[in-house]
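A, B, C and D label the chains in the order they appear, each numbered from 1.
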Amino acid sequence: MKIPELAALYAEDGSRRPKTRIHIGETVVGRDFLAIAGPCSVESEDQILSAAKAVKEAGANMFRGGAYKPRTSPYSFQGLGRMGLKYLKKAGEETGLPIVTEVIDTRDVFLISEYADVLQIGARNMQNFSLLVEVGKVNRPVLLKRGMYATIEELLNCAEYILNAGNPNVILCERGIRTFETYTRNTLDLSAVAALKGLTHLPVVVDPSHATGRIELIRPMTMSAIMAGCDGFEIEVHPHPETALSDRDQQLKPEEFKLLMEEARRTIAFRDGALCTRPERRALVPV
Amino acid sequence: MKIPELAALYAEDGSRRPKTRIHIGETVVGRDFLAIAGPCSVESEDQILSAAKAVKEAGANMFRGGAYKPRTSPYSFQGLGRMGLKYLKKAGEETGLPIVTEVIDTRDVFLISEYADVLQIGARNMQNFSLLVEVGKVNRPVLLKRGMYATIEELLNCAEYILNAGNPNVILCERGIRTFETYTRNTLDLSAVAALKGLTHLPVVVDPSHATGRIELIRPMTMSAIMAGCDGFEIEVHPHPETALSDRDQQLKPEEFKLLMEEARRTIAFRDGALCTRPERRALVPV
Amino acid sequence: MKIPELAALYAEDGSRRPKTRIHIGETVVGRDFLAIAGPCSVESEDQILSAAKAVKEAGANMFRGGAYKPRTSPYSFQGLGRMGLKYLKKAGEETGLPIVTEVIDTRDVFLISEYADVLQIGARNMQNFSLLVEVGKVNRPVLLKRGMYATIEELLNCAEYILNAGNPNVILCERGIRTFETYTRNTLDLSAVAALKGLTHLPVVVDPSHATGRIELIRPMTMSAIMAGCDGFEIEVHPHPETALSDRDQQLKPEEFKLLMEEARRTIAFRDGALCTRPERRALVPV
Amino acid sequence: MKIPELAALYAEDGSRRPKTRIHIGETVVGRDFLAIAGPCSVESEDQILSAAKAVKEAGANMFRGGAYKPRTSPYSFQGLGRMGLKYLKKAGEETGLPIVTEVIDTRDVFLISEYADVLQIGARNMQNFSLLVEVGKVNRPVLLKRGMYATIEELLNCAEYILNAGNPNVILCERGIRTFETYTRNTLDLSAVAALKGLTHLPVVVDPSHATGRIELIRPMTMSAIMAGCDGFEIEVHPHPETALSDRDQQLKPEEFKLLMEEARRTIAFRDGALCTRPERRALVPV
């Protein structure tokens, strides 16, 4: 479907609430800001428990960690699988944080749904349509990441696969697109965030860790994303980044994440207080 | 030169002030926020004078307008040339706003320097090295726009052409890069803004008008750019966008720009007050 | 893995034959030129049988057709599924042509292996690592298409997933990458074909239909691909393109494909006769 | 202008000959295959004379060399300027080869026209509209290179600038576009060559040296380009590439170029003999 038709769906279809609200634990995504944090990969029980406690203390309201890892090379660490899911569940129970983890195989959807509160579809699987249909059948919200090569229109069509399969709880995630620029790992497309807020009623979060691949750019890009109107973010935090088994260069230390959360809280308060963020205002038509 | 060598130049070379400060009229670029506004093209004396008064009243501290237009097609409006320069100068005198206008030919540099306070190098001429050397020889600050295909490294090397020719007053401008996404005119690369602030001592401004090509995205992208650490912005404003001879779809109406300026002022105050923007803090190393 | 390591694998690993030869029916891929043709989608028994007979008569040595279709929108035709597989098998039996069809779900690999001679992994699933591992376990050659956003290095790593799972019979396919150019559907990267021939021992085929999306460019790009050193091609042919349920603008009519095959035969004969195609010669080092 | 309008210009405008023929020395570009060769930069009289003799002997019918070099960094070798022009002229006189060299400044057009037979507009200056107009006023054919970020439509519009200024002798050159792929220096877009042959009456040549940036890919891409329908090529050849002051990794040795020319001759003969290259045939409509 083309963007005008997609946008029309949200305007006309009564079953799509004016603004989608997704209840996860005590958080109402779309109303409350969603701060997802945690390591790239689940590496051990200690690493996961200490990471979960650290991000909880810093103020995150959802914990992330990869048990099944889509890695470029088959010879890289592929994740702990089911054991990783157990550690994640335990971390969730000990901290009270809801858990989000990636699903990369249609056959794992049911299993992972028993351990995780939210299912993540990674960028490389955005157009794995069988997987989209499968997560559309379970009673778990889905965090759908934009493919590194995907247009806004394609991302919205992938969300349709999930919605159409019966699952209305989809959270979109901008995580950077692939361009000619090599200084950053990807190019964070914040105009897509503002555009999506006007085109769909689904919540939109941002992943500045994968988008930039550089520690020093994560904080400014997080604040920028907040002002672009995002409903949350997903940030990689690791107790000891220098020892991480994946994404070593882009995971924050707990104390760095704590600083980021402090600034994020002030920035969100400023945005929602001092600035009107209604789309029609965003459209710059004077009130 | 590679980025590490370029960054080293700023660290080691004493002649490059800790943070470049560029005095233009009463504004000190790099210290004061630079709000450039005005129409894409100079179309008539009335249009220019009314545009200049409107943006001045809204709080802009520099006026823009194109007298020599680089247009994709030779059959499109090419600008008023010298007559356009006269209108710009008059607008500057009546409003007290410094003028920035684009130079597209080495032979025009001296002439345009007599009318304009700042010389703009457009994205299509970023690697017009003869032109860079020529503007490097005159006593006018230069607004250097990033090419739509240019890496951060290439942009910095182009700045070197101007600095190396003897002109230390260069302002860098991120205006969106060309990607596969077609919903926006270009893809605004705000991570480049944060990156440049750490790599060079030159001021960095953002052009959300050309980057997005969509009215409704200009305001949110402006606020995002501010939080990314930019030192200013350049925004297209036209008294009657619907009648514009170029860029009809991305020029704001004066009242829309007024609204944007109000929010921008609050956002800048918040950023510079509530958030520390020192690079080392941006690097997320706890103080 | 990085390209040098990947290339080294082929040089050192004895289990990787000097040049991979894949026996499919009477064709030895890597020695004989592989001409795959057929419609984008399986639409009906008649359509498939007439298409298969037409491409067989024109000289194709493999028949393609999609039973499970990865479509951008969930509201587009999704393919006939198992019924489509039955039609394909029947077409194979009636014409003696081996069948290649796409698999998009790990759960379908076994089923599809019972109907098809070759399993295709589409561009959107190139990094569906679970699927790669699954097709790596069956006794069927795999046609692996390059993702529209994938580097040569990433394509080779995906082939490693299949090889590493135990299936040595992988055929790589260049089908165009996504760029800023909109005149063509994608941008055919023929330098990748020549590069891959030097980097790996796997056969490389080209898909000019998806790469260009334009009827008039398919023939010249096919001849260009042959001179780039490809081991075959995959071209969409439909008995009545104007009525096709998908890719209407890029499917050839049988008589157009017949013409293309005639020229392709002459071009292949010329290349393999008049030109030396050994990589070392390709490397332009005088003999 | 949009592509349909541009294509219409060629169909309707009588002043645009059915197929543009450009007489340069004894070569009629558009009828005879144009083989341009020579070093990236003019470095010394000896280097230029030995390079010119070598490419002449190998069968080139035009000699190239850069006297004014657009370099990414101001601290790299910038070319010998006027002295370089003198060497080029002498090389032309001694070998009888016409000379093509790049012009990068409107002020140099007249001067360079006195030394060179053909003026080259480099990729970085494709949209330097003042320069296009200036070369449109002189009595010298122009070799217009596609910008690394430019669409086919933009390239055709730039040709219009030259044609519209009064110079009908424009040769288009595909030299690779910038994409996410880093294995090759750029991505050679051969579908653009076939497309341009159908859209315009201007000759189209290909530069596989800058497109690939890799010695081993130049030969196969040259043969591919011939089959895509190009009217010629431009290839970098240096007597001693390992000592070159620029583009060291992509310049062929004379003996490598000799080999390439032999294969190119056979490939051109095959294409123009065995294959019909009329656009309508290329369009695959059965005769």
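Heads up, the rule we're going with is that contacts are C-beta pairs under 8 Å (C-beta built on N, C-alpha and C of every residue); 3 or more make two chains touch, one makes a residue touch a chain.
Source: prediction; values computed, not measured.
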Common touching chains of subunit D and subunit B: A, C
Centre-to-centre distance between subunit C and subunit B (centres being mean Cα positions), rounded to whole Å: 48
Geometric centre distance via CA averages, subunit C-subunit A, whole Å: 35
Mean-CA-position distance for subunit D and subunit C (Å): 33
Sequence positions of subunit C contacting 2 or more other chains: 149, 178-180, 182
Pairwise touch network: line, ring, star, complete, or other: complete
Subunit B to subunit C touching residues, read off their complex: 178-180, 182
Subunit B to subunit A touching residues, read off their complex: 3, 149, 151-153, 177, 179-184, 187-192, 194-195, 198, 211-212, 214-221, 223-229, 252, 255-256, 258-260, 263, 266-267, 270-271, 274-275, 279, 282-286
Residue ranges of subunit A touching subunit C (in the complex, touch as defined): 1, 70-75, 104-107, 124-125, 127-130, 133, 147-149, 154, 157, 160-161, 164-165, 178
